[in-house]
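Have a look at this one before I ask anything.
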């Protein structure tokens, strides 16, 4: 999913870089509003986690494996604004430190994974959460749906960029069907891990989940001996 | 169907390359891990001119039409000269370049598709158009990767961040990134610790049946890192942290520093300009 | 008419986000200059209580005051001033150390308090010397042994010269000589101190007064020697003096 | 003609990836059934040595044998069998616990060794009872107090019924009663045991034999009481008996 240099031409890259920059500016404004003592480090941690699980490969079938994108997961946990920022930071670091994803293609990659993946996944999450009953397991299910869809959505972003600015020769429809087809499979993996992770967080630290409103528990007072 | 297979292969390749990257480093600082400490002109340059130089160079490469083969030869020589000046072992350079393997697969399939002229290579009929496109992806991608690697082996992660900050990356993102760099070690250590803990108790991940354990591990890892980070952050607040990490103000850069840093893109642009002249 | 106490905790209750209640109404008043040992069994709530002393855990119920100033997680300004007064050494040194090198880690607090240049360097060097870790100044903290990390953790807090020093099991994982050296350092400081410990002789050595927290409430408060002589009280709270030791 | 030793370490040297050498040629031979205390100052290399005993740190120089079997990080099969024999309780309980609940964490090892169903459940319950943590079975381990985590960490290893038990400062952060209870448990086990500790009376109580590691080499090996009587030796290695304690 990390597009290298030279795969998409410069004008297209520039257009998407501008679009990404707009989305980032919007997210910055949104994140500042909900900022408290803890949000920057939490977004940083989400970034680390996404970075880490992108390395944690999981077997898909007969010897093959995939990795998480983490957009929907981040959105459910820290909110879509901070999630876009976190994903952007991850992609910047991957590009600058690991040469993973071309430096001239960062705008493209941010657009696919940090904007489409995050906001698409979050939108699906919100929709699904709306139709489900209001309880803890619904959050995991909605997150799974978000994760499932976020991957092919990001893949569609790739196909659009390919259609506009690629020098390659595969027909757009072939690329579309292949990308979306495989990414739905990968999306299943993403959905499972997103659900399990959100479930794990819900189980012990539901206060950390952005997509869930916590009710404060009642405190009991015991007599001092 | 064939595409499906390819795409799966891309993911396998990604996996492989990440194994290559991580397996023999263990418990190291992720920043240190990529950085190779040497004394060289390239290392001594501050980060932000280096970042600008790398970006300009890459833009030049990407902007060059793919049929101008000699230009690319020139670019290759340029980036290798920089890498050698930075005393980066060529083996490291090329091992790390494996990061682009997924797209190499993509590129290798390309000549089988397309329209127009066909060339026969052994048993295969290849489309010329596809061949050229594939070569483009390979060449430009490789140059981009080599540039980024040269940058990251000669610049520590912290310097890189400082550089990006100088280049006006928004403060909130700098903060997120600096937390990320700090915690990437924490998470990495926690991951390593959990792996050690699992293996000490007779566990070895081999396939699909271990999905559950690995997924649970991911969940636990998240909470662990989250909470560790939370506690560490609270510890930082306890010591008066206000969002700005201590640092020394660096001196203003002289013209010669900029010139040295920009030598790479300037040379590349010169090559491009000359070839533009030829091609008009 | 007594002066304002250094630390005043009234009716403090707290539950963790997962619903586990750890404190059930704790009262504690510590005067300026007192050294108090906070004793109690595993899981009693000692660490949870400590985390309230500078607003790391927001006060959910009851109140906490430091030198007359209310600890209020919402008031950022007052929190900042409280945090410059209360220095906490955490139970787990990994929670405390976060900078890339030991030297930078120790410099962190004083830097945030406005120290710079030679003054900062001197503070760092002093703190390192105090805990015997001078040679490790340029090493990354997470590449140290557990006991070494503990010593650095103590140094990071000492370097801030807090008015109230709170230590959560500072002596665990220290070799016996370091343990004694730490005791000497602590004794030499003329500040209010709260020390959580499972090492009763250590508590006796350093603190005139002890309190026992058990199941989230204070069950005893008094002279350390008196408390350690009360076998029944100790036994009820899973405390025991080491074999061969008597007060 | 002695039988094969439980643990044989010869000339073991090791440097961390950052170039820090921690072990400089360590020799140690432990017979079956022996209980050995591993003493030494902070940073001596104790934890590093322990991590060699089941191949967590690959043997870089020298050799390590467990019950006659060479510890070789490359031989995955033999490593697996070694790890089922050697149970290590890490110094930091956070290094040990990783499953979402305490019960699952304890079940993890026995499950990998093929235990299932009622047998597995019984093992888990026994281990929990042994360390007094039965009520915490369904709690996440990282939401326990430090001392509680330490107890669970011990339980995870006991549940595997190892032939050789290696404990890295098992008693630190335990309340005095737990500390004694742990001693009772350890004494009741009839296995080879290596225990790293800074608590010399604890070493004396549990181990007939002690070795002192200092600066990455073994500087003493002998009867615990003898070693603890040697003031000069202790002093040279930053070890001291608590005030008021005599062997």
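A, B, C and D are the chain letters, set down in written order, and residue numbers restart from 1 in every chain.
Quick note on the criterion: a contact is a pair of C-beta atoms (placed from the backbone, for glycine too) under 8 Å apart; a residue touches a chain by one contact, two chains touch by 3 or more.
Here the structure is a predicted model, which is why all the values come from computation and not from measurement.
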>> Quick check: more C-beta contact pairs at A-B or at B-D?
In response: A-B
>> How many angstrom lie between the centres of chain A and chain B, each centre taken as the mean Cα position?
In response: 20
>> How many angstrom lie between the centres of chain C and chain D, each centre taken as the mean Cα position?
In response: 29
> For chain A and chain C, what's the span in angstrom between their mean Cα positions?
Replying inline: 40
> Residue numbers in chain C touching 2 or more other chains?
Replying inline: 18, 92, 94, 140, 143
> Can you list the residues of chain A that touch 2 or more other chains?
Replying inline: 37, 200, 203-205, 208
>> If I count partner chains per residue in chain B, which residues reach a count of at least 2?
In response: 27, 182, 186, 216, 219-221, 223, 227, 237
>> How are the chains arranged in terms of who touches whom: line, ring, star, complete or other?
In response: complete
>> Residue numbers of chain A touching chain C in their complex, please.
In response: 37, 203-208, 214, 216-217, 219-225
> Can you list the residues on chain B that touch chain C in the complex?
Replying inline: 27, 29, 158, 182, 185-186, 189, 228, 231-232, 234-242, 246
>> So in the complex, the part of chain B that touches chain D is made up of which residues?
In response: 25-28, 32, 190, 193-194, 196-204, 216-217, 219-221, 223-224, 227
> For the complex, which residues does chain C have touching chain B?
Replying inline: 51, 54, 56, 80, 83-84, 86-88, 90, 92, 94-96, 98, 100, 104, 107-109, 111-113, 140, 142-143, 156-157, 160
>> Residue numbers of chain B touching chain A in their complex, please.
In response: 3-4, 6-9, 11-12, 14-15, 18, 21-22, 30-31, 34, 51, 54-55, 58-59, 61-63, 66, 96-97, 99-100, 103, 106, 110, 113-115, 127, 129-130, 133-134, 136-137, 139-141, 143-145, 147-149, 151-152, 157, 160, 164, 169-170, 172-173, 175-184, 186-188, 191, 207-208, 210-211, 214-216, 218-223, 225-227, 229-230, 233, 237, 243
